[in-house]
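My structure is below; once you've seen it, I'll send some questions.
Order as written gives the chain letters A, B and C; numbering starts at 1 within each chain.
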Amino acid sequence: MNLILSTLQQSLLFLPLVIGVYISYRVLAVVDLTVDGTFVLGAAVFAKLVIVNNVDQYVSLVIAVIAGAVIGVLVALMQKGVRINSLLASILMVFMLYSINFKIMDKPNLGFLENKTILMNLQTNNEYLLLLLIVGMALLLLMIFVRLFGSKLGLLLRSYGSNVKLLKSLGKSPTLLLSLGLGFSNGLAAFCGALTAQINGYADLNMGLGMALTAIGAVVMGQHLIGKIIPNNKFNAVLDLSGCVVGGFIYFLAMNLFIHIGIDPVYLKLILGLILVFFLATANYSKRAVGYDSF
Amino acid sequence: MFRYILLFIINLFVITSIVAADLKPVTIGIVVPIQHRALDEMVDGFKKELIKDYPNKIKFVVQNAQGDINLQRSIIQKFNQDETKLIVAVARPAMQMASTMVTKKPIISLAAALYEEQRQQRSIKNITNVDDESAVIPGINFFFATVPDLHKVTIVHTSADKIMSQLVTFKKMAQEHRIEVQDIMIQQLSELYSASSRIAEDSQAVFILKDNLIASGINTLINIANNRKLPLIASDGATVESGAAFAVGFKEEQIGAEGAKIAARVLKGEDVSTIPVKFLDKKFLFINKEAVQKQNLNLNRIIANAKKYKYEVVVYGVRK
Amino acid sequence: MIAFKNVNFSVPNREQPILNNVSFSVLPNDFIVLLGSNGSGKSTLIKLINRSYKGYIGEIDFLQQPLYFFNNRQFSQSVVTITQNIKDNLFADMTIAENAILYGLRYRSFWEQKDKKQILQELQEYLAKFSYKLSENLNTTVNLLSGGEQQILVLALCLRYPPQLLLLDEHTSALDPKTAEYMMEKTYHAIKERNITCMMTTHNLDFATRYGNRLIVLKDGKISRVFDSKEKALVTQQNLLEICY
C-alpha cells in the first residue's frame, strides 16, 4: 500500500474522533479536552473485555462506546450542575480517567496477542479489505451525522453553540443538550480508541496524550480549507463533515510526507504546530458562520 | 568476432548487476518510541556491532516517535512498505506495534519484554527479542546482600508494565529476606518530588528498577538520598552515573550489540522465527564513588561482593 | 396582571438600594411606559419582572400568583423580553427560518403541521406582515441582516405565539430614527391585535408621549410620578424632560 492509501487508512480511522471534537468544539462551541481520556477509556474497556473476559468483540465495542458516552454526560453535568468551567471540567475528567483506565486494565498496557478482533485479522491477512472496511465505516458514520445535523436535534445542538442564553429563555434545557452533545462526542472518541487499539495491537494508558489537540487542529484546518474552496455562510452538514475528513487527511498526509522525505520527527511537531497556529489565527473560531461582524 | 564482443558485453552487464546488487546497501529501520539516553545507547551499540558483523553496506534509518503513537504508526508503516529489509523495535511500545503491523519482514526487538512462551503462541512469528530483565533478580539479591542489616526499604516506581511485574518479584524476595517494603508509585514526573518526601523515616535504603520515567527525574531522588545519607540503589548504569550508589545491570550498548548479532544472522539468510529470545549474561556492577561516600556505604564491601559474583566493575568517579 | 408591593432591591456593591419601596400595578391590556434617567432603576425593574434578577424584598405578583410560582417553561411562554441588545434574542449564525423553527419548537400547534413546505409558507406569510424583506429571505443568515431588520425579526418571532406580557427594555435605542419609528409602529399594532399587555422603558420622549396608556417615572429607585390615561394624554415632551431628567 502506498503513501496515499496508508494516509487514507490512518485518517479515516481517526475520523470518529474528529467528528466527536467537531461536535463539541464547533457545534456546541464548548472546549472539551476529555477525549484524551475517553479515547483511552474506549481502548481500555474494549481490550479488557475481549482479552481478559473473552466477551464477543462487537458487544465489547458497544460497551466501550457507551462507557465513553457516560463520561461525556458526566462532564456535562460537572459543567452545568456544579458550575465548573468547561476547560477545567474536561481536564479534571481526564485526570480522573487516568486512574479509572488503570483500574480497568489492571496494567498500564494490555496487548492483543492473538488476532482476536476483526480489524487485527484483516491487517494481518488482507490489507485492502481492511481499508475497504474502514472506508465503509467512515461513510456510514458520515451518513448518520449528516442525517443528525439536518434533524431537529441537530438544530438544537447548533443553537446551543449559537446562543445558550436564548435557548434557555425559550424553555429548552441546556443541560440536556450539552449532555447529549458531549455524550455523542465522547462516545465517538471511545469508538475511535477501541478501533485504534486493534490496529496498534494494544491498549496503552498513555495512548490518548495529545489526541484532543490533534483533533481540534484537524477540525479547524478542515473547516478553514473547505471554507476557502466553497464559501458558504449557511450551515451545511455535508461541507462541515467533509471538512472533518479533509482536516484529518491533511494532518496525516503531512506527517507521513515528512517521515517519507526524512525530516527528523523532532521537528514534525513544531512544523505541524506552526501550521495549526496559522490556521487558528486566520480562522473564525468563536462562532461558525462568517458574517459582517465576525472579523 | 562480433559474437565474442556481444558475449563480453553481456557478461559485463551480468557481472555489474550482480556487483551492483551486492553494492546496494541494505536498509535497516530502527524505530525508537521516546527520547531517552538509554535507548540511544542501545541503538549505538546495535549500529557499531552490525557494521562489524555484516560485510555489506548498511543504511541505518533511525526514527524517534517522540511519544506520539500516530507518529510511531507512520514510522512503522513506512518501514513496512519501503525497501527496509529488517526492522529493529526498541523497547516495548515499539515492539507491540511493529509485531501487529509488520508480518512479512523480520523484526528484532530490544529490551521489550517479549517472552519465549508469548512468541510461541503467535501464529506469525517473525519477531525475536533481546531480553534485558535477567539482571533484575541478581540485582535485588546483590542489593540485599550488600547493604547491611536491612529491615525496611523503599521502592519508588512507575506503573509501566514491565515494572509492575518486577515489583511483584521484588516484594516476594523482600518477604523471603524478612525485609519490610514501602511501596511508592508515581504516574507522572511531577509527582516525584512529593513522592520522595514520603520516604519513611525508618527506611534504610531506596531502590529503583530500570524505570525510564524515574531515571529522567533522578536528581530529585539523589538529593534526598544524599541529604538523608540514605543509600539509593538503581538497576542501570546511567542512573548510577547520575548519582545513585550502585547498580547491577547490563550495558545498554551490549543489548544493542546482541541485537546486531541476531540481525547479522537474519540478513545472511536465517529465519528470525527460529532464533530464540536472547538472554544477556554478562552483568556489570556500576558504582558511583562519590555517591557511595555520601550515602554512607562501604565501598570495599561492595567491590568485594562484586568480585564474589563475578560482575565486572565499572566505576564512575567524582562528577564536577 | 402585575402587582409590585413595597419592593426593595439592592446589590452588595452599592449602598443605596436600586429599587426603594416600589409599588404599582399593571392591569391587563395596559401599555405602560417607564421613564427615568440612567441608573433610576428602570432596567432593574424589568429584569426583576422577567426573573433575570433574583433576591428582591417585598412582593411581586404575576397573574395574581407570586412571581416564582410558575415553572420555567410556563413562565418563558408568558413573559417575553426584547432588549436593545438585538443579538441576545437571535441565533445570529443561523438562518431566519431556523430561528423561527427554534422559537416555535415548544408549541404543539407548530408541530401539528409536519409538512416542511407548509411550515415555511406559513412563516413567509407571517413575516410579510412585519417586513417584506424578511419574508423573501428565509434562508439568509441572520447576521447578514441590518440591525433594524434583525430587531423586527425579533419582534415577529416573539409575538408569533403571543405571550401574556411583553417587556420592552429600550428596544429601539439601537436603531436609527426611521427604523425606530417603523419598529414602534409594528410593535404597537402587534400588541393591540393580540391583546398583549406591555411595559416599555425608553429614553425617547416622543414615543413616550405618543404610545402607551399609562406613564410611570422612576427617580433614584423610587416612583416619582404616575400618569394615568387621562393625565398622560395631556402631557408633552417638554414636561417630561423636566420631570424625569
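We adopt the following convention: a residue touches a chain if its C-beta (ideal position, glycine included) is under 8 Å from a C-beta of that chain, and two chains touch if they have at least 3 such contacts.
It should be emphasised that the depicted structure is a prediction, and the values quoted were computed from it without experimental measurement.
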item	value
By count of C-beta pairs in contact, the leading pair of chains	A-B
Most central chain, Cα average position	A
Farthest-lying chain, centroid of Cα atoms versus that of subunit B	C
Centroid spacing, where centroids are CA-atom means, of subunit A and subunit C in whole angstrom	43
Between subunit C and subunit B, distance of the C-alpha-averaged centres to the nearest whole Å	74
Distance from subunit B to subunit A - Cα centre to Cα centre, in angstrom	35
Junction residues of subunit A, two or more chains touched	none
For subunit C, residues that touch 2 or more chains besides their own	none
Residues of subunit A defined as touching subunit C within the complex	152, 155-156, 158-159, 162-163, 165-167, 169-172, 233-235, 287-289, 291-294
Subunit B-facing residues of subunit A, complex	1-2, 6, 10, 14, 98, 102, 107-109, 111-115, 120, 123-124, 196, 199-202, 204-207, 209-210, 214, 252, 255-256, 259-260, 264-266, 268-269
Residues of subunit B that touch subunit A when the two form their complex	35, 63-71, 73-75, 77-78, 81, 92-93, 96-97, 99-101, 103, 118, 121-124, 159-161, 164, 187
Of all residues in subunit C, those that touch subunit A in their complex	72-73, 76-77, 81, 87-95, 98, 101-103, 105-106, 139, 141, 143-144
